[in-house]
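In the two complexes below, chain A is the common chain; its partner is chain B in one and chain C in the other.
Presenting the complex of A and B:
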């Protein structure tokens, strides 16, 4: 019963979030300067008839409730509306890009975590967390993602996965290092180490169990970190993913696309938060 | 124990390195004999009749067979699917004779019925087909196909340079819309992966042959990678994954020149112009005194005289631009007015002109007769480094005559809203792309009634005598049958514009391109598409 009510609460929270994102995005795009303009207006080849049609279209897009109703209606029909920029259903635009972005996220997360875990394992062997280990992570966090991507482009080496992985690794390293350090100092681990239990068994049975719940939370945080870097990385490296689509949509005031991407991002963040929080709730239970 | 942890870390490091190698690998795919270059965005449409963006235009150019082709190098119209064509003396009837044995890329026969249908479709689509407007009165055009190889187009009125219009009408199979899959041009669309690439394959039934009878096109296909980022385009070019780059920025041109000197070419001034103008619209919400400055010819001329165009060309374009004083570029040899006498850069003359017009210096600040300090903003679009630098140099130049200038950048939708809707701006710096050398294409910019008459859009009647004269001369060049009369009219408009400075022309950016040393047959031209206008002849070395 409790599980069901918790599930219902989560669903209600998600629904409220979807509504808020929808209203907020529509409002922001509607109020953005240039929403009612069209690049074709500057094109001297177009006749006055086209201009009149554009003016009529702009007049139809003027009212916020009407815009919301139109977007909600297109979502109910399942095609997420028609892209203003490309003139095709948003669903068609997003589907191939989701695979690209999903692959990028997955590879970045794997590489980022592998880097962070490696560094954290080695760093946690030290008695004190020296500047040698902390400084690179701090430096990487201080460099904006776009600057890091530009540096890679200028240097001609490194790609989108590399940049995102570095960012994820830098952010997760400190958490992982602290977690591991605390885990190694647990009395039962000290006892186990004193008894000479093998390293592999210690890591698999004791350390992993001790930091498992925190790792799940950290995974959620990593996903959020990766999502936040998605737009600059995809735009600068020309990755045909959802981040690049979002940027183009913002530049062209393409509300249906922006709305779809924002909703996807919001749902991904919510889901990662829920997954991250779940193990600790289980543990408490 | 510590040794064990270090060992675990070492093993993880090896795994990480392997993962990194896999993650950073990027596969390039190109088929044998295939050409490759980049387009910025997904083509909006593969329907050749509805093309209105540059990327769709590229696909249309490469796939669409046309009755006549405008040779970008000689700037003459040449028969393509038509073996001959003629225009009646009154200019109202055009007769095409098709080549014998023409076929579409699927092997079906191409007859005059297909050609007539394709022309009629463009006319019927009206506003959805931008090319239809070039017939001036598309509703009154009739197309006949009296036999399998003859097409006759009847126009209600003469259209200047009508031959070039047929360069934009792709001949498709009648009644079978294929979105580029069945074509009469050198290639057809074989595969399209949204946001990634468009793959074109050679049309096996393409009838055209070169002078020695070899099959055209020489390349087996074209891979159009969709790459928006210019840095990425450069990287692909340097890696050999792309054969050409058009529209290089001066910075990238110089970078490539240092790395691969043999690959870059500066073709000299383009047909495009960069210009600034003041808002003279009576509907603008600007204060009355600012409107008075901007409508004052002496003010505009003084601004023009204060701007150092040579510095703009040298600093902003690294020497790859030519100072501009007219809307027609010297690259447009047929229409450029060589006797033009515009006000040249002369800061002393600018100061004197302003004094004569009632302005005066109050310390270092220029003020008008009523004491209002001359202070305004120049608007330009964000994300264009050259325009931002030009605006900054102009800001510096105008400070020398006491004007205080702010530079404001806006993204394009916001800029369009200011220019076309609210008219809430003082001055604007933008460029104009001229895809056609004929000044008739610029009618909508110069006619005072046009919404694209940027300094004062959609005037009910010409606001000034000189605008009325421009209207008269532009209408004359659009209707006259005499080339000499047309030239004289366009020369006069150039002189009026140089005297009145409604647009203050700054530079003609040069056409900068990069061509791989592996590519043969390239003959870059100033007119678009600069690099692949002769795509039939292009091929990679050793793959002919």
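Presenting the complex of A and C:
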């Protein structure tokens, strides 16, 4: 019963967050100084009077309450707004790209985690952590994603999955290593190691159980890392995913598309945060 | 000189060197030497020129100064905002704290780059390069506070339950007086947050610039110079195209190597 009430509370909080995110991002866009700018303002053939009229018309049709109502309505109808650039429902633009982005994210997360876990397991069992393990992670974190993707393209090796996996592995390695080091120092694990219990059994039975909840929370953070790298990677490697759509929308001031993609990403992060937080909630319940 | 502070001194040396280069008579990041486009190192242009004939060393130096100054200012702003919001939430009634933390969570749920792109693309069409630089770093500062505010909130809650705060309350200290006593005690928490934000903002600006949504030309920026690497035809003409990337990575490594308790 307690677990159910916690779950319901968590769902309510997620819903409130999503609503807040929707209102917040609509507000941010609406209050941005150039939201009402129109490309026609740059056209020398229009007189100042016409430009002023254009600005007034835009201000009238984009009042904040009306904008929020329209945004909520478009999400309730499932079309997520109409693209300014293409004149079609945003849903039609996003849907075919979701599978591409989803596949890229999944493969990157799996490879990144495999790399980070392997490195962290080896590093955490050594007496000295050593610069050999920390240096590559630090170096990788100091390279902006766009630069890493460009350098991979120039070298002709490594693709979008490789770049994103490296970034995820570099970020997660430090957390995983610290987590595992702390787990190994537990008195019962020290005793078990001293008694010569095999490493595989120790990992499966004791370590995994001790750090399970933290791993779930870290998985949520990995998704945020992957999403932050999505746009440069998809743009530079020419992957027709949601990140490339967002970049194209940003370049063409197609704010309904950009707003929809941002909300979608926020939904993914909130959902993953909720799932990541569940194991510890269940343990406490 | 303590070895732990070496990254700080190296960064200061780099910034001083860059200031000297930018301040040299005749040095201009926008001047185009049309007779020497895409050249390698020479006496006149020690790090060569770009495809418009602009001196690469001067541009890299100006980008370094702009990026460091912008990131430091944005980081200071975001840390100050986080300190104020976090402390307010920690010492406010529970309902207010819950609401503030919900807003923090909403910001944390929004992936940075998407939000940055969204706000950046909604800027006026005729924004000048200086405005675009200021707005880029202001937006970074406006989006960077929630994680830091959460940390300050946790630290503030710890302080709220401490004996000396109870004593202060019992002695009649209220509101602003209490906060004035608490803020210096949050300094060990704020300094690491400030230092973590600086490289994060430099990277964010570089990524935005590489997507064509950063600081406008002719102002030099890391992101703008990364765009040079997209043109593979240029890469065969001079290896100096890689110079900005190498320096950017060095600066980021130095920023990440600064000891947080320095």
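Annotations
What we mean here is this: the second predicted complex is superposed on the first by the 212 of 285 C-alpha atoms of A that agree within 3 Å, B and C clash if a C-alpha of one lies under 4 Å from a C-alpha of the other, contacts with A are read in each partner's own complex, and residues count from 1 in each chain.
The rule is simple: a residue touches a chain if its C-beta (ideal position, glycine included) is under 8 Å from a C-beta of that chain, and two chains touch if they have at least 3 such contacts.
Keep in mind the model is a prediction, meaning the values are calculated, not measured.
In the superposed model, A:16 lies in contact with chain C only, and not with chain B. In the superposed pair of complexes, A:24 makes contact with chain C only, with no contact to chain B. By the touch criterion defined above, A:227 lies against chain C but remains apart from chain B after alignment on the C-alpha atoms of chain A. Of the two partner chains placed by the overlay, chain B and chain C both lie in contact with A:251.
Look at A:140: by the touch rule set out above, it reaches neither chain B nor chain C. When the shared chain is aligned, chain B and chain C each come close enough to touch A:235. Legend: residue contacts after superposition of the two complexes on their common chain; A:44 is shown touching chain B, with no touch to chain C. Where the contact sets of chain A with chain B and with chain C meet, they give residues 32-35, 37, 39, 41-42, 150, 154, 235-236, 251, 253.
Touching chain B in their complex are the following residues of chain A: 32-51, 53, 86-87, 92-93, 96-97, 100, 107-108, 110-111, 114-115, 117-119, 121-122, 124-125, 150, 153-154, 156, 158-159, 161-162, 165, 193, 198-200, 203, 235-238, 240, 244-245, 248, 251-253.
Residue ranges of chain A in contact with chain C, taken from their complex: 13, 16-17, 20-21, 24-25, 28-29, 32-35, 37, 39, 41-42, 138-139, 141-147, 150-151, 154, 224, 227-228, 230-232, 235-236, 246-247, 249-251, 253, 255, 258-259, 261-262, 265-266, 269-270, 273.
Of all residues in chain C, only 102-103, 105-115, 117-127, 135, 199, 203, 206-207, 210-213, 222-223, 226, 229-230, 232, 235, 245, 248-249, 252-253, 256-257 touch chain A in the complex they form. Across the interface of their complex, chain A is touched by residues 1-2, 4-9, 12-13, 15-16, 19-20, 22-24, 26, 41-42, 44-45, 52, 126-127, 130, 133, 193-196, 226-229, 231-232, 235, 238, 410-421, 441-445, 450-452 of chain B.
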